[in-house]
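The following pair of complexes shares a single chain, chain A, combined with chain B in the former and chain C in the latter.
== the complex of A and B ==
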């Protein structure tokens, strides 16, 4: 079969692919389609803006109890005794659960100690205050630099079991632990870096620092658990209904068939809602104990303290190059902290983005007494890009090359080449002046940075399509919509196949009673579930054609579905309305369940259900800033984001996600930082007042360009967009700041204090 | 949040006779004490209650008291009712035309939603935003504890002047401008009497009492802020620097009020710094550097430098000094209508 292949606007040809039996024929390019690739409005948009849509916090089964968790106020303490007797006697209390035990170590402020379920949240809060915890304070360390010192307090004693959790972040099992430092991890090193630096004609190096960023989902973590004799039903704000079902079945020794996980609308996850989590287990245990449904919703402080975060990093990067820009060596030394967890590595970005024969990596996890890190939108690559893309900008300056010209020489990706070309034209790159060239206190600058991210696919992803006798169509899948609009996209895919409109299709998702869907992390939802949906729709259509062909006096092969009709021989004048055709079905419904086939051209890597496509995702972003050199204040004036995601399924939804990624990137660049007091070990800004997110007045115009990049790899040829859109923003801003003021800001967040320090304008303290 | 009783006062006298303590006193009171506090817009009060710092037994609502929500002027000056919202203050023609720095300060505060609810009285009486003060886990000096955590801790948002035992900065942005205009506050008590006091004297630093920010007495109700009339030729400018434009507290702000005599020389100069000290900080050396002078770039620059002379920055807040100096210089130049030349 021949598939469209290449980048629209830069020459789309064809490629021959062997496709497995039972897969539908190739889709033409978006221009030749009616619904796919069009800016279709979000199906639940009206419900969202009118407040009608239901989130997990709105789920209220009869008899529901409210749970609250007692959390450690100490950054490190050993429990001697927990007394819950008074809490158990409190009016309204139905279940009390001690999570910590005698001799448990509470390793961070915010660590769960006990939990209560009561008839009201106020009663649960009151009961928490009655729990007596006797704990001995232990020495603690909350600063990564101090934690690296030889005499630092130890987060884990030698021989203690380490928490090797990982979603998306590969973690090696056996690495040395020295004090609080676990590593170095050298995975991915190649060639001979010493030799590479020996032959280099130009070497740039720098030290970069990024800060801990918390997810700040608009919708908090929330679960309602209902344990009954015949099984467990859980409503949860989760990025992976099928995964949570698996975890629940394992933890509570239930059959998969006894567990049902449902999610209504979601207000974001960004990686922090990928798993069941301790809080999820707590809710289920309380429900089992109380014999009633239990609701557990985090408050904003809990969101910051104990729902994951993007680890902070210190990176030392060194790049050697020849005069023409060709890279000869890259070395990256990193220390990062995921608190009491692991997974702070950033090496993938520097390892994979540019052609360079010699690469060495030494990355280390540093334990501190703080909440555990987790996957967060482009984990590793986002902080990695902040350092590496500034180093490349630095190198371009040293070589006297335009940063885009240098990248044309060292970046092998044809996709990013096209993205640079489009972005340069859109951003007015030719206006860019020499660093610091503006006169006056406020200086403007333009900068660029690039992204790389794996095009992930989850092959254990299934979807059911049903056509009913009255012509209505149902799409069913366990896949969840964490706010990106996958339900709308599924309607588009199925509508295209049946020649209908998206509003003709009813989509029910977010329920494990439907065929198991993929996780919505790793930017793989659309890539994984849309091919399954199209294949199922195509198969149902074939079955329908077989049933209605005799009535039309045609053979099934002569039929096609278009514009609400089933037509014969591609002649719109011959045929009947879709609805009239389905009325002749033998049964009330025709139904097919299909799953995601492997990429037609094969995968580059595979691990269990999760695979990586042959080609990575790109993305190039351009930032324009103005910097007040007397106050250190940076204003982002404009962002141009050029992104790719295979075949774009819905430009409106893609643009929306890219804007979200860019906003999160601006916020990371300029504002966000978890601040922990060194003396008490407590996070001081566990709120949304002093933990600052970018706001409306700080939001610049964001212009989004989305490539159509056809690769002939699946029934839809779609890949993801969520994470790539976040990776390049902060370094693009940093490079624009350098272009504005001629001084490199190597530390996040780039607040007035940071910028004034970089400019050497801080007075010495008396 | 614990249960409390609600009383909506119809008159100032009713509120004043019901009020038993100030918010500062209620926060430090014994758990069995009668903790009766007053509420205007409720912005700060609800924050304190949700943070578990304040557990009132009774809340006296002031918002139904008529007559406290207008701005009027006569020959004696301008009277701003204590229930006037920040949004009214930002938009009213009197504040916009006569007291521009005040209108701009109000407009720069918080979010549109908050500005429509927050009152001037509540804004002046709000408690500080210091994150140690706002943390129930930190029993700091201002809450009756032993010491100030900010001195050795995370003090990037703290004071560079006047931090005598406590390093908060005064939270009110409009207070910076009001002090520059030599505003007075009017306070009514339960006995039916009133007193007026200069705002600058009403706001007290930690050297007076570390556990309160004002001279408000138990049972007193703030009824108005009084501004002197502004003669022709007075110009006022307010400038604020924050880390973001949307909904953020100042890291530094400045109000400059000056009058130019017929010969162009400055007189009646006020230079007040916000987010710099536990109270709005009058930069007397800057005022002296401007008084009697013709404004040019060098004089404005000298005023900026004079404004930060004697500052005592903490470990993480020295960055505030160049910002304060810059804002003073820019505000002076703008007030004097002198365009800054590009070097």
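== the complex of A and C ==
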């Protein structure tokens, strides 16, 4: 089979692919399609603008109780006793659960201790205040630099099992633990770095810091659990219905068939709602204990303290190069902290982006007494890019090369090459002046940075397509919509196959009673579920053609579906309306369930249900800033984001998502930081007043260009965009700041104080 | 040593209860002096009290605890869940509704303090099946992703157009300043509102 191959506008050719039996024929390029690749409106737009759509926080099954978790106010303490008797006697209380036990260690402020379910939220809150906790304070450390010192308070004692993730499953002890430092992890190191530096003609090095960012989903973490004798139903604001079902079945020793997980609208996750979590288990246990549905919704403080975060990092990066720019060595030493958890590594970015024969990595997790980190939009690569892309910018300066020219020499990706070309033209890159060249107090600059992210695919992703006798069409999958619009995209895919309009297709998703969908993390939803939907639709269509061909006096092979009709021999004048055709079906419905086939060209990597396409996802972003050198204030004037995601399915939805990635990047670059007080070990800005997010007045013009990059790898050839759109923003801004003021700001967030310190006008932060 | 209380044991509710106690003390003094106590608010609670609210043009009889915010009453007893709570302390504006046509954070207002003022929620903005132009524009310009901040955003944008029929982009940004959207819909929101503005004469 011949598939379109290449980048639209830069020469699309063809590639021959062997495709497995039962896969549909190749889709042509978007220009030749009617629904896919078009700016179709999101299907649930009306429900969302009228407030009619139901989020998990809006679910109210009859008899529902309200829960709250009692959390530690101490950063480290050993429990001596918990007395819940008074809470149990409180009016309205239906269930009380002690989570911590005697001798449990509460390792961070915000650690769960106990939970209550009551008839009203006020009664639950009041009951919490009646729980007496006797605990002995332990030494604590909340600062990563202090935690690395030899005499630091220990978060985990030697020999203690490391309960490293939310479900308290100890991880393999493969890496050494020294004090609070677990590592070094050297995975991905290659070649001989010493030799690489020995032959280098230019070496750049620098130390970079990024701070802890919290997800700040507008809908808090929320679950409504309804435990019954015949099974468990859970409504949850989750990024992975099928995964939560698996976890619930395992934790509560149920069959998968006894667990149902549902999510209608979902108010943002960004990585923090990927798993069941301790809170999810608590809600289910309370429901089991009370014999009633239980609603547990975090307040904003809990969101910051105990729902995950992007780990802080300290990175020392060193790059050796030849005079022509080719790289001879990259070395990255990193210490990062995911609080009481692990996963602060950033090495993938420096390891994979540029051609370099020698790479060494030593990344370390530093434990501190703070809430556990988790995946957050481009985990690892986002902080990694902040350091690496500034180091590359430094190198370009040292070599006297334009940063784009240097990247043309060291970046093997033809996709990013095209992205650089388009972005340079759009951003007016040729206006870029020498660093610090502006004369006045306010200086402008332009910077660029790149993104890389795995093109992830989850093969355990299924979708059902049903055609009914009245011509209506249903799409059913457990896949959840976090706001990206996957339901709309599924309607487009199926409409295209049937020659119908997207509004003709009814989509039901977010329910494990439908075929299990993929997770919506790792930017893999569209890549995983749209091929399954298209294949299912195509197969239903073949079955329909077989049934209606005799009535049309044709063979099934002669039929095609187009413009609301089933036509013969590609002649729009010969055929019948889709609805008339389906009226002749033998049964009330034709239905096919399909799952994600392997990429036609094979995968680069695979582990169980998770796989990675041959080519990574990219993206190049250009930032223009102005910096007031008297106040240190940075204003982002403009962002040009050039991104790729295989075949773009819906440019309108993609633009929204890229803007979201860019804005989260601006916020990360300039504003966001979890601040923990050294003396009390408590977060000082666990709210949305002092934890600053980018707002409408900080939002610059954002221009989005999305490549059509055809690879012929699946029935839709579509891949993700969420994470790649976030990774390059902060370093592009940092490089623009350098271009503006001629001084590099190597620390996030780039607040006025940080900028003034870089300019030597304020002391540096310790 | 960890405090058994929650970290923010002085919640807004307790704080409000505290000020309520102070207010009753003041009222007591006023009674004693037989001063101009007529404009003092009546002492209510702490148990539930009957309340009449005018919501989306209809009088609604509800029984509420005096400590309940308007957002809680809308979402709870009145089942108008379109109004969202994001931070519950006036920092994100997800809970924005209209009070006599002006946008307010319903999480920062006690239901008992609403009085006779007309409350308009997102459910009351459309006329039957006919959406408000701002709602139509939000759909057309994809001015939302997850949709959680959307009801509040729509209410503030619609109120802006009532005040300023032909706003500038800066007017729109000012109108939604204080609204937080983690999905990053601000550019499309501004675009949507500018698309429905009515050029002046």
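In the analysis below, the second predicted complex is superposed on the first by the 752 of 766 C-alpha atoms of A that agree within 3 Å, B and C clash if a C-alpha of one lies under 4 Å from a C-alpha of the other, contacts with A are read in each partner's own complex, and residues count from 1 in each chain.
The criterion applied here is as follows: contacts are C-beta pairs under 8 Å (C-beta built on N, C-alpha and C of every residue); 3 or more make two chains touch, one makes a residue touch a chain.
Keep in mind that this is a model prediction, so the values were computed, not measured.
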Partner chain(s) touched by A:440 [first = chain B, second = chain C, both, neither]: first
Chain A residues touched by each partner, larger count belonging to chain B or chain C: C
Chain B versus chain C as contact partner of A:630, first or second or both or neither: first
A:692 touches, of chain B and chain C: first, second, both or neither? first
First (chain B), second (chain C), both or neither touched by A:763: first
Touched partner set for A:48, first chain B, second chain C, both or neither: second
Touched partner set for A:672, first chain B, second chain C, both or neither: neither
Partner chain in contact with A:58 - chain B first, chain C second, else both or neither: second
Partner chain in contact with A:497 - chain B first, chain C second, else both or neither: neither
Which of chain B and chain C A:70 touches, first, second, both or neither: second
Residues of chain A contacting chain B in one complex and chain C in the other: 73, 122, 682, 689, 694-697
Chain A - residues contacting chain C, complex: 41-42, 44-55, 57-58, 60, 70-74, 77, 106, 109-110, 113, 122, 125, 128-129, 131-133, 135-137, 215-220, 265-268, 270, 299-301, 305, 482-485, 652-653, 655-657, 659-664, 682, 686-689, 693-697, 699, 701-702
Chain A partner contacts - residues on chain C that touch it in the complex: 1-9, 11, 13, 65, 67, 75, 79-89, 91-92, 94, 121-123, 125-126, 131, 135, 138-140, 142, 144-151, 154, 172-174, 176-190
Chain B residues within the chain A interface of the complex: 1, 129, 131-132, 135, 137-138, 149, 152-154, 156-157, 241, 243-248, 251, 312-313, 315-319, 321-323, 326-327, 342-343
Residues on chain A engaged by chain B in the complex (per definition of touch): 73, 122, 439-440, 630-633, 670-671, 675-680, 682, 684-685, 689-690, 692, 694-698, 751-753, 756-757, 761-766
